[in-house]
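What follows is a short report on a single structure.
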Amino acid sequence: MIVDHPDTAAWVAERFGWQTADPELGPQVPADQLVALATALRDELDFAYVVYCVAVHYPAEDEIQPKFKEGEEPPPVIPAKPDRCLVTYRVRRLGPGTTTFGFHLWVPTGETCPSLVDVWAGMDWQEREQYDLVGVVFDGHPDLRRIMMSEDWPGHPLRRDYAIDTRHHPWR
Amino acid sequence: MAVTPSPTPEPATQRVGGLELPVELLRPAWGDPYLDLDDYDAESDVMALNLGPQHPSTHGVLRVKLFMDGEVCVRAVPYLGYLHRGVEKLCEKLSYANVTPIVDKNDYVSPMMNELAINMTFEKLMGCEPPPRAQVIRTIVAELQRVASHLLWVGTFCLDIGGAIGGGASAFMHTFRERELILEIFEELTGCRFHYNHHTVGGQRHDIPAGWDTLVKQTLDHIERRTFEYEDMLTENPVFKARTIGVGVVDPKLAMACGVSGPVLRASGGDHDLRRDAPYAAYDRVDVDVQVRTEGDIYARYLLRLAELRESIRIVRCLIDDIPEGPICALKAVKLPGAVKPKPGFAYTAIESPRGELGTFVVAGPGKRGKGGPNPYRCKIRPPSYHVLSLLPYIAPGENLSDIIAILGSLDPIMGEADR
Amino acid sequence: MSISPFLWSVIVGFVMLNVVMLGTAFLMLFERKFAGRMQNRPGPTEVGPNGLFQPIADLVKLLQKEDIVPDKADRGLFNLMPPLTVTFTLVMLAVVPFSENILVADLNVGVLFLLAIGSIQIVPVWVAGWASNNKYALLGAMRGMAQGISYEIPLVLCAAVPVIYAGTFNLTEIVEAQQGWGWFLWWPPGPGFFAFGLFMLCALAEANRIPFDIPEAEAELVAGVSTEYTGMKFGLFYLAEYLHTFISAAVASVLFLGGWEGPGPDGWWWMMAKTLGLFVAIYWARWTLMRYRSDQLLRYCWVYFLPLSLLLVAAAGTWTALVGLPS
Amino acid sequence: MGDQILNAMWTTMKNVFRPKTTEILPWKQTRKRRERYRSTFALVHNDLGEEACIGCKMCEKICPSDIITVVAGGRKESPVTGKKRGYADDFILDLNACIVCELCVQVCPEDAILHLTVPQGPGYTREDLVLTMDKLYDNEKRDAASWGTGTGLVAMQDPKRGLEPPKPKPEAKGDKS
């Protein structure tokens, strides 16, 4: 059943109750609801076309106490953040008046992200690429192999802690 | 608007890209594409054939592991990465202004498109709008580049089906002869024939020289005349038709799910073109007549690309006569690596490259003192060729080896942008 | 001065071998120039005046290339096959008459000999593909085998048309039966014309020429049977292919275009002119057309060419039965 | 079917009689490059006849391929004007990795580095393509400077260009006439 809803963010807020902070990123999705949202977007809102899946690595940050002058009320402490990845997706409704819709989730290092291969076939290689380059493990992907680097490549090159001049063996 | 989610979606038809299409299983017909040769019965007559990375017609360094039953493919597993140059990592280390000449090398058949795509994203992050003159010049060079790219495709595709020693080579040389004229135009405009570094954040780096529009018009007239020669040589040629009609049919539903756009999608019936549907640059000034065919085979892709070539010529002719006066860049010329510092944020823009949706997703990271950093935090280039190649495991099984080469050629993958 | 027929054969054979081999080299140069002009290029220009000595440079280059034999290849067969292809092709030359006197052997079953040797050509190509121990070479060899065997049949049947008209297998007598302007191409009207066209098509397929160059389809099969061959061995395959094309053109002009007979004084010049004309036409088509797929090729052969050639033989036979052999 | 094949063959035959479009060989070429064509580099002298490069290292910083090495020589008195100005002691440009992006030309404040419209001659070793300061100043004598200069490019990209009454285009300082 196709719903021709002009504002996807409003539709998502209505349906799932997630608010959109940054229109470029879209709503933040809990990991267990990701497949449900994706299926709903594909089947009900006609988002049949995969644009991308991008993982962005953020290294761990310590707790930060912002500076303040003596005698002032100390501003709230910015809490420490673990080593994590932002996984953002974007899908597109094709045809005249095309729109895209993005959504994202945060995946702490060590946890897995649900795979969307069963929803959009094009997520297959996108997720493989993000696994290869950023190191996000997609749970449920049938073929999570490296795609850009060789199979025995150490590390994931697009992580922030991977120095650009890392020495490596010449590729076979 | 209240929406009642249907518990069981009806698997009859689905409206995708303005089409009513039957929902079908998006799995390859020959089983799971991820199996390796070890999973095959040793008694069976399946032969593993390594197509590439060194092979005359894999368009660079694509490697496809084909499992063949005689000459018929039963499974195709593409392996990428032989041209991986770490462009995205490099973009994280370079300043915004320096990224442009680097991404030029991604899609080395249409470098203008790469520059345009990434600079549009930077402009969105910066919140600046290029002046109208720059917008029109951008559109003109993009369309000229599309002409050049499609010309090159016609030539290389003929090489794929016609052989390097034979009629294919003749068609190849003829299209290169015409493409050369476009490169001359770019040489006149930017000083380079291939990797131009013509776009910059906020506009263009080179204004059009005197007499350039006359040169463009003359060249386009010439190319349009010559395209009729390709029609004579290819379109009605029975050998060409025998090799292309009905071969490599791509289902539009599958194409969309795989993220395939551009000529491959439009030849399959998907009515989608970013130039018309989400106009960028100066495409809102012209009516883009989107070519759509429904056959979905190689011949349809060929005809569609020829039609698009003519359409691009028409768009350039519409724009070339009234280029608005004014500056060509909204920002001051780059004098320092850190001249461009957008605020932290996320941006995605997409353009219609000759191969489909070429998008760039950029995360602008924080810099010192709450301002933006001088280089992108993460830069993701979304290349159309990458998605087009992911079609291969689905459409290659059941085809002859010769047809697989023809299909691969017709998909027009550029390994430079697929591997990045 | 009389000369013994055997000695004459030896002399003609020696001269013909050298002339044809050298001529083929320069035909290659001609083809490259011609193809260059078709593509608005000058072609080879550097070696000698306007690139005239390019074939010699090519030969020198091929001779000094490293000779690589793959580890797992069948060494003996692998090395034997390139010379064998050239030998078989050159043997065909023995019965092709270039004029009344310029021929090596005046066999009275000349046509049969030609066709027999022509079909044996498939074997070295196939064995070469097999012995290379390379999948691409193997695929090319298999394709070549299927194609060669299939196209042999219409080829033989088309060659039977002039044989029926002339009432002899002897090539010299076939030419003499076409005296004056009585070429089998147009007289008797009908079958000869189509048989000529079909013969040329099948000869193209036999010689692996575009649009039928399936065994070495370089876009798909890298270089087909000659993938693993380097240097002069590759050059020999190349030479054999050119020779085969040249001889096919020569045979077609003997069978259908009246050989050395022509307006004005008869002689080898007419034969050469006709052969070269056909040769140019073959290359013209080669540099214009694409390549068929192997299954399409076989389908055309068995579905269209074979029935058509049978029909032509029947028509020629009927004509001969009604009108009679030429006196 | 036959007529279409003949049509195709006629097309190729037409091309036989067209003029050739390829150049013979690079060292025999007669082709005129466009005014903006950019190939190799030259360091130039300014109007006063002294080295225009002031060793400011702008080009070294902007270069995406990181191929320019400038050794700044510090401020010295100019023998011509007598004023103090910077000099470059050494200037090395590795053409092997150059991507001809024109950014070094654009950022140069003194128009000291220019592109040439003629290519650098080929060499037998990689070192032949490493342009030292001497080679760069030798290239100046080839008299084939490309159109692009730092001031010219900046003036062209001026965001106010054409909006106010056009000023006379500043003459390129380092451009030899």
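Labels A, B, C and D are assigned to the chains in the order they are written; within every chain, residues are numbered from 1.
Keep in mind that, in the parts below, a contact is a pair of C-beta atoms (placed from the backbone, for glycine too) under 8 Å apart; a residue touches a chain by one contact, two chains touch by 3 or more.
Here the structure is a predicted model, which is why all the values come from computation and not from measurement.
**Student:** So which chain is the furthest away from chain B, centre to centre on CA atoms?
**Tutor:** The chain lying farthest from chain B is C.
**Student:** So which has more C-beta pairs touching, C-D or B-D?
**Tutor:** Output for the comparison: B-D.
**Student:** So what's the Cα centroid distance for chain B and chain D, whole Å?
**Tutor:** 30
**Student:** Between chain C and chain D, what is the separation of their C-alpha centroids in Å?
**Tutor:** Their C-alpha centroids are separated by 55 Å.
**Student:** Chain A to chain B: how many Å between their CA centres?
**Tutor:** Comparing mean C-alpha positions, chain B is 24 Å from chain A.
**Student:** In whole angstrom, how far does the Cα centroid of chain A sit from the Cα centroid of chain D?
**Tutor:** Here chain A and chain D have centroids separated by 43 Å.
**Student:** What are the residue numbers in chain B that touch two or more other chains?
**Tutor:** In chain B, residues 167, 170, 174, 177, 233, 237, 239 touch at least two other chains, as defined above.
**Student:** Listing for chain D: what residues touch at least two other chains?
**Tutor:** Residues 5, 8, 11-12, 15, 21 of chain D touch two or more partner chains.
**Student:** Using the contact rule from the top, write out all pairs of chains that touch.
**Tutor:** Chains touch in the following pairs: A-B, B-C, B-D, C-D.
**Student:** Quick check on the complex: what are the chain B residues that touch chain A?
**Tutor:** Residues of chain B touching chain A: 1-3, 5-6, 9-10, 14-18, 26, 32-34, 80-81, 84, 86, 88-90, 92-93, 253-254, 256-261, 265, 270-272, 274, 276-278, 345-348, 350, 357, 359, 361, 363, 377-378, 380, 382, 386-387, 389-390, 394, 419-420.
**Student:** Within their complex, state which residues of chain D touch chain B.
**Tutor:** 1, 4-5, 7-8, 10-12, 14-15, 21, 33-38, 58, 61-62, 64, 99-103, 106-107, 109, 115, 146-148, 153-154, 156-163
**Student:** Chain B touches which residues of chain C in the complex?
**Tutor:** By the definition above, chain C touches chain B via 35, 38-41, 135-136, 139, 142-143, 210-211, 213, 217-222, 286-296.
**Student:** Give the list of chain D residues in touch with chain C in this complex.
**Tutor:** Chain D reaches chain C through residues 5, 8-9, 11-13, 15-16, 18-22, 24-25.
**Student:** Would you tell me which residues of chain B are touching chain C in their complex?
**Tutor:** My answer: residues 47, 49, 55-57, 71, 158-170, 173-174, 177, 233, 237, 239-240, 242-243, 400-403, 405.
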